[in-house]
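By written order: A, B and C. Residues from 1 in each chain.
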Amino acid sequence: MELFANLAHGFAVAFSPINLLMCLIGALVGTLVGVLPGIGTIATVAMLLPITFGLPPVGALIMLAGIYYGAQYGGSTTSILVNIPGEATSVVTALDGHQMAKQGRAGPALAIAAIGSFFAGCVATVLIAVLGAPLTKLALAFGPAEYFSLMVLGLIFAVVLAKGSVLKAVAMIVFGLLLSMVGSDIETGASRMAFNIPELADGLGFATVAMGVFGFAEIIRNLDHGAEMDRNLVQQKITGLMPTRKDLVDSTPAILRGTVLGSILGILPGGGAVIASFAAYTLEKKLAKDPSRFGRGAIEGVASPESANNAAAQTSFIPLLTLGIPPNAVMALMVGAMTIHGIVPGPQVMQKQPDLVWGMIASMWIGNLMLIIINLPLVGIWVRLLRVPYRLMFPSIVVFCAIGIYSVNNAPVDVVLAGAFGLVGYWLIKHDFEPAPLLLGMVLGPLMEENLRRALLISRGDWSVFLSRPLSAVLLAIAAGLLVLAVLPALRAKRDEVFVESEG
Amino acid sequence: MMSIRSLAGACLSAFAALSAFAAPASAQNYPTRTITMIVPFAAGGPTDVISRIVTAHMAQTLGQSIVIENVVGAGGTTATTRAARAANDGYTLITGHMGTHAASVPLYPKLAYHPEKDFEPVALLAGTPILILARKDFPPKDLKEFVAYVKANAEKVNAAHAGIGSVSHASCELLNSILDVKPVGVPFNGTGPAMNALVAGQVDYMCDQIVNAVPQINAGTIKAYAVATPERNPSLPNVPTTTEAGLPAFQAQAWNAVFAPKGTSPAIIATLNAAAIKALDDENVRKRLLELGSVIPAPANRTPEALATLVKNEIAKWTPVLKPAS
Amino acid sequence: MSDTPSEAPVKSILPEWVRGPQDFIGGLAMVAVALFALWASSDLQGMHGFSFGAGTAPRMFAVLLLLLGAAVALMGVLKDGPNIAAYSWRGPLFVSAAIVFFAVGIRPFGLVVSAFAAFLIAALGSHETKWIEAIIVGACLTLGCALLFPYVLGLPMPMFPRFLIQ
């Protein structure tokens, strides 16, 4: 079996002391980057690129890869503890994770996030090794029309995400879509709603808005007088650190589904991991016997998106390793790291650089093992952090978030914008609008508009491409089906409501 | 005068590299602290990699570290605006390129800087040649057929590019204006997605820098019609030049060069220029640049004056091509 | 996120027929955002031939938001809903001030000064703050950040005030 020979070769490479060390450093830095809000993997990998100049290429790439998937582990930490997503991919983790923390179950939430990530990471690594080449076809089969249909499906997911009023959730999605329009037009380069502010020329950063409406808004809200009691509650009743048997039983199917969904979406270029986490959460909520538990501390709502985002982080290496085409910005940096070492990845990188490719694949499994060993004991420390009085905690979070946002582009304007979105988020909370659909709208907006326009340019304005291309048609059919499922109960409820009111 | 000064600078910097303690007596002891090199594109792209390879060697020569700061946005103009406004003390430099210091002039009517008026040219680093690429099953077999085919089917063909203001966009516009066709331009976010669409056959042709394309061409996932430089590129010996293939008018190279904010002292410029030239003559630097398919400028083209002329010519070249597009 | 603060809501200044002020005002605000976006994107090119113009998608989304905002406001008229929750001024004011100070200060004053000052300004946002404790923790945090961000993560940031370096 060629596969086993390749894997054996890969492990031989990955187990060399220097590569093990690189893997460990990558995992540690990744965890740190994930935990710190605002500091993203893109900025960190970009900053660490020059360091890899002096390292052997295999070790350098093992380290950079470790940062990328390590951040997926760390990203859930602040989501759960303080309702501030450390990474874009852990926005949905905050929905139920933080509720669990409020119920004194921060420990199980953090632990299940790590366990889910580990499982997903292991499965996705095997997937890369076994099915990498055939799965590449999927990445190539996705043209603009398919992307657009996928984004429509994503929007329908977002509706299902809503905890309260569907109408208000849809309004938030559209608000997010509108915010994502700020910046340069892709086709003409015209500046849209940027008001000649150079920092807005490329649009509002996702991290900026997410830090604002989740992070800063949450802090401001917690400083309200009435919220004090809530906080003390979080700090006092901390129950077990590890998940119970029931938690594990509940989470297992969620982890499995999240892994499958994440693995598939990760291969697609674009915001694969972010969409994967949103989609996984929605799927769990749809499949749950009692969907009302979601948003109130359902452990599946943590297990599934965390598995999905880590699976997607791993499988997003597939287009890079088999096609030599980076599917996202972090992978583009990986290409840069290879280029610096004189290796320009292409379709033949697997044959030409077996050490690099198989060493990296093997190291991912080792890295995931290291990460779970690092992260499970950390749970105890993180939970203890919750005992820090909030009067000291909140200024620290403000400072960390501010530094984090500044570091993304070295732009002070971004920090001010995040502050402004903090006030917007505070207002949204006061009017019972949810920020999660807004953020999903922001992620999907540009992907949707750009691919719609590309598809129409290529088809010369013929809208039927979305139905004549089979993959696209299937995605739209699923979207339509989901929409019917989502709208039907709402309509029924409304009828009941009208009925009740007319009686009274 | 300048050449004597740069020669002196070169000697002094060479001396500085040999003995760590020696501080160059001239140029006000420059540099005495870390230099920031702004790169207007994401880390890992061609401009970034070329900057990193050359500045790593320049830092040894200068005896101070050079930190690369990647500032992305608006086709590199965000970063260039910032560099134009930076202190002209020689501690903030920028790697400008064809887009930021030439094509941006017609593309962005509200550009907050002017490449000639707001910058002092320092040194030309390296250029990456532009290739004419097409999906692997695109009917034309060579450049002549390609020209005929695109002209005959101008209504039907799709040309991909990596976004407004990108090298692939500008060079594609140049090609289209030479062919006198206006195909539908399909914009992508960066060269990665554009290349993905070309490999998948969703678009017909595009122009792109050699770095990203070589492995795909060698693997047969896309095909190359010609390289838009006077000479063939060693990394693609079988791909003819546009001159050989019958389209000599199409000449394009994504050149990268170091600029300093206007008013930076000539002594500092000379020191930096000498360090850059020294880097370009280094065996290891040359090897790495050539691996990328880059073209290293001939000695005559490495002076600040030559760079100033290049910028002037390039602005003149791109303005008529890109003006109607915007 | 959606749990309403336990403090008694302010008395509604809205007319009687507004039965759900929270939704009513919320919806109207969305309408205002949409109108603003329509105005801001009014100078952009619309559809030309089969291809979208720069302004098509923004205007489409703005109109959609306008309709949805109006619908939310209408719900506020038709259905009984919660009143507008009380806002406090102290938290928003000082947290925003801290953020703005950090943004303005990071370039000229460097990380050390702006992080420490931002910590203390933010601390003003709570009446629970004990100053000696806050200064000690703030100093430790600043030191930690000054080591963590530039050295461990290698992010290029000015450390100290510019006038001290030159």
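Rule of thumb we're sticking to: a contact is a pair of C-beta atoms (placed from the backbone, for glycine too) under 8 Å apart; a residue touches a chain by one contact, two chains touch by 3 or more.
All values reported here derive from a predicted model rather than from experimental measurement.
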item	value
Busiest interface, counted in C-beta pairs	A-C
Centrality ranking, top chain (CA atoms only)	A
Separation of mean Cα positions, chain C and chain A [Å, integer]	22
Centre-of-Cα separation between chain C and chain B, whole angstrom	40
Chain A and chain B: spacing of chain centres that average the CA atoms, whole Å	34
Two or more partner chains touched - positions in chain B	69, 184
Touching two or more other chains - residue numbers and ranges from chain A	185, 187-188, 410, 457, 460
For chain C, residues that touch 2 or more chains besides their own	51, 156
Touching residues on chain A, where the partner in the complex is chain B	45-46, 49-50, 53, 139-144, 184-189, 196, 198-199, 201-202, 269, 319, 323-327, 329, 331-337, 339-340, 342, 344-349, 409-410, 450, 454, 457-458, 460
Residue ranges of chain C touching chain A (in the complex, touch as defined)	1-7, 22-23, 25-27, 29-30, 33-34, 37, 40-41, 44-45, 49-55, 57-58, 61-62, 64-65, 68-69, 71-72, 75, 82, 84-88, 90-92, 95-96, 98-100, 102-104, 106-107, 111, 115, 118-120, 122-123, 125-126, 128-130, 133-134, 137-138, 141-142, 145, 149, 152-157
For the chain B and chain C complex, residues of the former touching the latter	33, 36, 67, 69, 184
In the complex, chain A residues that touch chain C	29, 32-33, 39, 43-44, 47-48, 51, 83, 163-165, 167-168, 170-171, 174-175, 177-178, 181, 185, 187-188, 190, 192-193, 195, 216, 218-230, 389-392, 394-396, 398-400, 402-403, 406-407, 410, 412-413, 415-416, 418-419, 422-423, 426-427, 429-435, 445, 449, 452-453, 456-457, 460-462
Residue ranges of chain C touching chain B (in the complex, touch as defined)	51, 156, 165
